[in-house]
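In what follows, subunit A forms one complex with subunit B and a second complex with subunit C.
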Partner chain A sequence: MLADQAMSVDSKTVKKIASLARIAMSDDEIEAMVPEFNGILGWVEQLGEVDVTGVEPMTAVIPNVLRLRDDVVTDGDIRDKVLANAPAAEHGFFGVPKVIE
Partner chain B sequence: MTESTYRIQGATGEWEVVIGLEVHAQVTSNAKLFSGAATTFGAEPNAQVSLVDAAMPGMLPVPNGECVRQAVRTGMALNAQINRYSRFDRKNYFYADLPQGYQISQLYHPIVGEGAIEISLDEKNPDAHTKTIGIERLHLEQDAGKLMHDQHPTMSYVDLNRCGVALMEIVSRPDMRSPAEAGAYLKKLRSILRYVGSCDGNMEEGSMRADVNVSVRKPGDEFGTRTETKNVNSVRYVMATIEHEASRQVDVIESGGTIVQETRLYDPDKNETRSMRSKEDAHDYRYFPDPDLLPLELDDTFLDACKASLPELPDAKRKRYESELGLSAYNAAVLTAEAETARWFEALLTESAKAQGKPEAEVAKAAANWLLSELYGALNRMAKTIDDSPVSPAAGAELLALVAGGTISGTIAKQVFEIMLETGEGAGAIVEARGLKQTSDTGAIDAAIAKVLADNADKVEQYRGGKEALFGFFVGQTMKAMQGKANPQMVNELLKKALG
Partner chain C sequence: MTDLTDLGIADIRNGVRAGTFSAREVATAFNANVAAAKALNAFLIDTPEHALAAADAIDAKRAAGEDLPIMAGVPIGMKDLFCTVGVEARSASKILNGFKPTYESTVSQKLWDAGAGMLGKLNMDQFAMGSSNETSAFGNVISPWRRNDGGNAALAPGGSSGGSAAAVSARLCPGATGTDTGGSIRQPAAFTGISGIKPTYGRCSRWGVIAFASSLDQAGPMARDVRDCAIMLEAMSGFDPKDSTSLDLPVPHWEAGLSSNLTGKRVGIPKEYRLDGMDAEVAAVWDKGIEWLRDAGAEIVDVSLPHTRHALPAYYIIAPAEASSNLARYDGVRYGQRNLPDGAGLQDMYAATRAAGFGHEVKRRIMIGTYVLSAGFYDAYYTQAQKVRTLIARDFERVWDSCDLLLAPTAPSAAFALGQESDDPIAMYLNDVFAVPASLAGLPAMSVPGGLDSQGLPLGLQIIGKPLDEQGVLNAGLAIEERAGFTARPAQWW
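Now for the complex of A and B:
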């Protein structure tokens, strides 16, 4: 994207992003966030000034490949640990507020 | 039936149905897609959950090589393009079945690209009416956990055992035009997955389920707006979903409404679909590449090994059974539809050829007929699958060899088989112990014939007077007198002589 087509957000967009991320924010906080978002977007868009024609996208700073694990069961059977931090757990299940769509 | 004949009759004329399926198939693996927790069905709640699956802070996913291998092999079996470069993306959503807050999936660069499946719409004659259904893509992703809403008055219970299990999502093109085509596609896909061994295809346990995309249009028009009915878990339900959803859409449009693109749910008890999610931003998943995972790059060695490990697939096998073994199209289709049946048949074939000292092609027809009528009949009666057959391929081959060698007749073979099923004894031992051997003793057969002719003098008269159909009667009586043990061909010859 070229710098002169800079993307910008308004408070409505910030509100929607907050809602999608399930983060509760007051109107004041949202207003404060608008220039911060736009600052970040403007900074990222500066990168658009660099000509990267013919340059392969880079995914890691050092050459590295994705490692795969063997298909062996090495984990699990730690129910108590898994449930240890749960606000509610019963009969080996997590308990969450009833959610039916 | 042809593809263009399925139409819904509306008040304003005929409507065509357009169907696409997204099938989620659980990859057969010991461990999950990104963790070392087990995948077995039916474990105690949360017993197969690692800290990665529970999304504890700082835990990192490491892909299971076997799941990658199975996805590639499946892609190859679907004649699909295998992408040497693929990536994992995060699909963000918040629901208690997925503690990460996102599902790791592959949106932008799936591991498998376009392929195709050939379906047959005539079981009796599989090559007579076929249709190619396009596959758009196959990608790897994580399954979610399970929620139970009916165990507690105010809470839902969450079991994360399934969470993180590897799924292949196989997306078809909107190429199907009737419930029958969708059913045939699903069956064929399941058959291929089971041959490949990448998914057990067990729809009852949720190893395979389909999201059904349906729209309707006047024939020749542009595609209509589609709805997606989620998680339909049997071939029958998929077909019912399509019928009901298509009729519902026609009703809505004809009464002046419009179809909303939405997610729906099939209710098998009421046999209807109903709207599931209507939230405006429910589909704003904010996909982005997962920064925890490098791109997945596959080399030639890996791909060659995948290719070399593929078994003969159902279509190739069916055609070979027809051309090399001389089986009928129908028999070949039934024998190859399920990998287990084909495996059993081939074991029977090998054993039969060995027992009779003949090439497989010469013993194939008798083996196929026996398997499909006698063995299948017995298994159906006992409500067993071929893998639980009380009779082994070698034991079946022993029985078939006794018939082929003239030791027992086909009629006696049926009796012997029943005894085999009951007692587990071998065919040879049963025949020996119970004196069921077929006799070619001309003296004994002649004596029996003489008695039959003497007892039925009137019929002999009629036969000689030209009523030749009575010949069968004499054969039957003679066989009965011989307790089924006479060589039928010899009975025929001797009877002809005696009557002639």
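Now for the complex of A and C:
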């Protein structure tokens, strides 16, 4: 099953993936990526042959419990630090291009 | 007087404590080596003033008669993906151009608290994605090593911690931080004839470390010998409430616990690591390592890790999947570079910023990750890979019934020439075939030099241990180190 899916990756699929990943790519770049994609997917497809009947997917490599802490404020009041690296901070906010006409 | 830059971490600390030399003298000597080694491109940013300030603080403490901490007066190199206050941290990517953290990573803070200072930020594969340091946006690191054929071909220092490896090997720093997601400490250590350890997942806090694949990323030290690794790992480790996967356990005194007597230890030799067509010189060093450990008192047993060959493809689903999620944060809004084409809206800005900011390998991995997590493919790829990961971890759990440690090569070859493997991503990925299984299982693993091959290049031996048994790993590393007698160093050409 994996093999069929891997083989089905074409430029349309790669274009869709680039769009989902928010990476602008020219048609030439998309075309160049198609064989790279298929090469890698064709290689990882061998995992399909592993018998995983009754096996749970890994969630944590070292047994550990997610800790809860008291529901109190432990941080904050650092607006200027948070904004210090923004490419376009304005009026105490992150600036972005206009999204509403 | 001894050249201070020939000294390792332990000797520097001991000399500073004893007053044989001052911390400032040490920092000055290493700053000079860093400044003179631009040809290696190991450092992206030099911070000589940071090293000197830390040194002066230690010298003042000593003058005041205070006890000096475990890395007193030791200047180190910092891999570029650690955030340190006020110094650009880019993970060797253009997308983080200009990012100066306003906070300090837990690991770097612990190192400063232990008396270390920073010589600079070290080059690396972009976002730690690579095995040769060729994906850095700021140029290749050149290994200080050269083949003995007189050809002077520029060799890869390994990756992703290639700057760290080159800098330690070339005596630009006595120790450096690395991170290991699927071999990024061990493979470059092997390529450059130094030592490096990736501890158990959760020993070192990931807070303030620019993320690649969060379930795999672990920081660790790279240094010239096992003792220095033990000291630096001790300084870097420890519980951190700011990292939800940090282990709430005391930090053992690994340096004090060092012993190369392996009597009573069983060392497993995993048969699946002996690949068809294995490099004969790599196999020969492995055989020597077996003899050395036996000589140190260990019992050698043949063992099997049946799912080994599935580790690398599972890794190349899991790591890109996590990367695609982690790297979604680079949007040109909160930090780093922004690309805003004329008249572009928000979505176009995201896409333009990420197109201009990420390198090719990073884009490829983000897109593979996006694909394997996308609707309809998630179970076939990601869930399947996580199930295989469970089987790989189970292989290790079972093997600990018959042995305490594992010995294998670190990498399938010695260092290759820059450009030699960069055209074929899968050939490049195969560099980490021996390193990735321990990463997937979160186990401590170390590379120590085993010897030189016929080209005069270092080969590494890898020791893998049980969860939390860094001491056992370090001790076996020490046993090898004492017997390998590895004293080779690159002849200075830079």
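Just a few scattered comments:
One rule holds for everything that comes next: the second predicted complex is superposed on the first by the 91 of 101 C-alpha atoms of A that agree within 3 Å, B and C clash if a C-alpha of one lies under 4 Å from a C-alpha of the other, contacts with A are read in each partner's own complex, and residues count from 1 in each chain.
In the analysis below, a residue touches a chain if its C-beta (ideal position, glycine included) is under 8 Å from a C-beta of that chain, and two chains touch if they have at least 3 such contacts.
Every value quoted in this text rests on a predicted model; they were computed, and no experiment measured them.
In the superposition on chain A, A:68 contacts subunit B only, with no contact to subunit C.
Look at A:96: by the touch rule set out above, it reaches both subunit B and subunit C.
Comparing subunit B with subunit C, more residues of subunit A are touched by C.
In the superposition on chain A, A:48 makes contact with subunit C only, while subunit B stays out of contact range.
Contacts of A:77 after superposition: subunit B is touched, whereas subunit C is not reached.
According to the touch criterion, the shared surface of subunit A, contacted by subunit B in one complex and subunit C in the other, consists of residues 19-20, 22, 59-60, 64, 66-67, 69, 78, 81-82, 88, 94, 96-99. Against subunit C, the residues of subunit A that register as touching in their complex are 1-2, 5, 9, 13-14, 17-25, 33, 36-37, 39-41, 43-44, 46-48, 50, 52, 55-62, 64, 66-67, 69, 78, 81-82, 84-88, 94, 96-99.
Those residues of subunit A whose C-beta lies close enough to touch subunit B in the complex are 16, 19-20, 22, 59-60, 64-79, 81-83, 88, 90-101.
Residues 29-31, 35-38, 44-52, 54, 62-68, 92, 94-96, 147-149, 151-152, 154-160, 276-277, 281, 284, 286, 293-297 of subunit B touch subunit A in their complex.
The part of subunit C that touches subunit A in the complex is made up of residues 98-103, 200-202, 215, 241, 244-245, 247-248, 307, 310, 313-314, 316-317, 324, 328, 331-338, 340, 344-352, 354-355, 358, 363-364, 366-368, 370-371, 374, 377, 380-381, 383-391, 393, 425-426, 440-442, 467.
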